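Heads up, the next two complexes both have chain A, just with different partners, chain B and then chain C.
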Partner chain A sequence: MNPETVLKTNPMLAWREIDGSIVIISPEHSMVHELNPTASFVWKRVDGRRTADEIAEQLAAEFDVTRESALADVHELVESLVANQLVSALELAEVKAHV
Partner chain B sequence: MQIATKPDKRIGVVSPVLQLPLEIGKIPLNLKFADMARFESAGKRYSTFLSSDKKGLPVLVDLQGRTSLDGDPFTYDLDGATVQLGEDQAEFQRVPHEYSLDSLIRILLSKLLLDRSGFLLHAASVLADGRAHVFTGRSGAGKSTVASLSPAGSVLTDEISLLRCVETRWQAFGTPFWGEFRAGDMNCSAPISGIYSLIQAKQDRLERISPRDGLRVLLPNVLFFSSRKQDNEQLLRILTDIVEAIPVYQLYFRRHADFWKVIA
Partner chain C sequence: MSRTTHVMDDLILRTVERHLPFSVHLDLTYRCNERCVHCYLDHEDYGEMTTEEVKRVLDELAEAGTLFLTLSGGEIFLRQDFFELLEYARALHFDVSLKTNALLITPERARRLKELGVRKIQVSIYSADPEIHDGITMVPGSLRRSIEAMRLVKSLGLVATIACPLMKQNLTAYRSVLLLAEELDVPYVLDLTITPMMDGNHSTVNHRVKAQDLLPVLRDSKLNPKLRISPMASVSSDSAVSSGMPLPAESDDLPCSAGHNTCYISPYGEVFPCVQLPVAAGNVRQKKFEDIWYRSPEMRRVEAIRESQLTHCGNCSIRIYCERCPGLALMEGGDLMGAYERACEMAEMNARLAGAESPVSAFHAFQAASGSLSSRGLRPIATGLISIAPMRTV
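Let's look at the complex of A and B:
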């Protein structure tokens, strides 16, 4: 994944945090997704401005994991979120063009 | 049941409108029919839920000469029959039979309940000591069995429960929506004691689960038909509220009335 890839949540989704985990409903597909605590940490930082690498840095700082491990985990997670249409990955230049 | 008339502007004559005011889960509806047979059939089916309040939400059932609904109406298509809900009126169109009418009323209620801190759940609700026990699960989980193993006159429904938070208190309401075990309709409500996810087992056992697991139990059993984001957000808020307020359990049971012993 490009280090300058910015992450944005799918604006059509309804979600809520319960017991530290994020539960997401995709109204379009009538699907329910439940994120584990690590994925929930990432989800709450996906704001259309941060890159996956920036979120991985925060993950490494928050939890007792190496930067490399956090990067690998976040990249794998983001691929899954994108595949499930929960998150879209935008190139930084693309984001700037829309600002 | 009351009969009123209204002028039919299209053909310049007065056509009868048959009104059937109902109240289900404290939600007043005023079903309006042109067809006498359909009106009488619905009057019998919902007799326990008839109301004297004609100011409930007008619901036009296959009425001709309708006007466009205001705002951005909620619409749902059920095998060709449709529900439309505008700001101050609802319409059912192409309703083939009374079972379809039943389904359309459930769809309408599922939407109306969102603004009233409530929802419909695939669940049997049974009264014991003045409190409601809500047994949820999909078809075959044992809802009708639970109802059939409960004392006569205690079952609010064996299939579709209406749960609402009224004045900070979660309550289960009787509904006219039944499955295999149709007892006499009960148009009453009671505070909810607990929600039980049914699991058939060789021994009766009760296990309390976390609010998060409770939400996981409820979500697949909620009757919900809206694809609007704000409606789904409201539903999630309501479900989160109930699992944080009401204990949720896994009930392992043997299809025998003894399961009441582990609940008591």
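Let's look at the complex of A and C:
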């Protein structure tokens, strides 16, 4: 994943933090997803401004994991979120063009 | 069981255990552009919450952990600020469902609903025969307009459902509603419950079909899930009115989700465990929602009720065939913990249809033993800890 890739949640989703975990409803597909605490940490930082690498840095600082491990985990998670249409990955240039 | 069902069951259980208000039904107005003969509402406006008040409630619900939000009425599209509120709710990431008669859904409004990510739109349809439907709504042309609106929202990819409360006027028309649902390719709910009005007036109950006359419907295995259950199975049913959550089998000692992980808020800000359970727990105009949800004595009392504590129903042998509703137990039987005639009648009929020989509810057995069978429906109101409260605080 390009380090300049910015992550944005799908605006059609409904979601809430329930008991420490993010629960996501996808109205278009009638699907419910529940994220584990680490994935929930990442989800709460997907704001259309941060890149996956920036979120991984925060994950490494918050949890007792190396930067490399956090990067690998976040990239794997983001790929899964993108594949499930929960998150879209935008190039930084694309984001700047819309500002 | 699908993975989605499993995840939802698990979430429902956890939110019940943690007493989180997972699903909230918010009526934005009691005003309506139809005058349905069986409606339980007073359509006058006695001072609905303002736009800013509703937004504050939505903020508080989001903070409290509410995910599922049902916006209903009255007719929601009569609120001039409806789309402002919907947009606000979606910005707070609620999963939004709507209950409407759809008369005011225009192509532009339908597109806006789609853009804003509304998950489901429930429309009330009483018959595929305009004479019957329009006779119930008292609005000529209402069936045609509701169906047109359903076709419109469906064409945009929105999920629409039909809700059809069955009453004397449309009992024989239920098959036509099923055919219409098939033609429109939408799910449907047939609801046999006609409730008293929220202010305690029982005149609407006159429209209710006698239990005996419901036999053709109850015999229809396509409609009646109770015909397909084994004696050990757990059942749940949908309602056209309430927005409670079906509880998983593990919660079988709870009467329903009301007050456990669901509640109702009126257009005047009053909080109740359910739209059909008129136990006023507080008003969001005076207190924060969380104070009412977690600390009001009324909500705590309802949350504490367990099936095993119910006066007669707790040890009734045909309980699995029963649709007992705590709100109706209070409104019709006068006791939140008690039995009521309609539920017992329906349970006995369902049990008989499922093959039980001479089924008798525990309540009827008690009445027979105490020689009071002839006074069914005239029982003195029990002195429970909770009394019927008026719906409005005006």
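Everything below uses one rule, namely that the second predicted complex is superposed on the first by the 99 of 99 C-alpha atoms of A that agree within 3 Å, B and C clash if a C-alpha of one lies under 4 Å from a C-alpha of the other, contacts with A are read in each partner's own complex, and residues count from 1 in each chain.
In this section, contacts are C-beta pairs under 8 Å (C-beta built on N, C-alpha and C of every residue); 3 or more make two chains touch, one makes a residue touch a chain.
Just so you know, these numbers come straight off a predicted model, no measurement behind them.
Contacts of A:M31 after superposition on the shared chain: chain C is touched, whereas chain B is not. Once the two complexes are laid over each other on the shared chain, residue contacts for A:A72 go to neither chain B nor chain C.
In the superposition on chain A, A:A61 makes contact with neither chain B nor chain C. Legend: residue contacts after superposition of the two complexes on their common chain; A:I18 is shown touching both chain B and chain C. Within chain A, the residues touching chain B in one complex and chain C in the other are 11-16, 18-19, 23, 25, 27-28, 30, 32, 34.
If you check the complex, the residues on chain B that touch chain A are 210-212, 215-216, 219-220, 226-233, 235-237, 240, 243-244. By the touch rule above, chain C contacts chain A in their complex via residues 4, 7-8, 11, 14-15, 18, 20, 22, 62, 65-67, 90, 93-96, 117-120, 157, 159. Interface residues of chain A facing chain C in the complex, by the touch rule stated above, are 11-19, 23, 25, 27-28, 30-34. Every residue of chain A that touches chain B in the complex is listed here, in rising order: 11-16, 18-19, 21, 23, 25, 27-28, 30, 32, 34.
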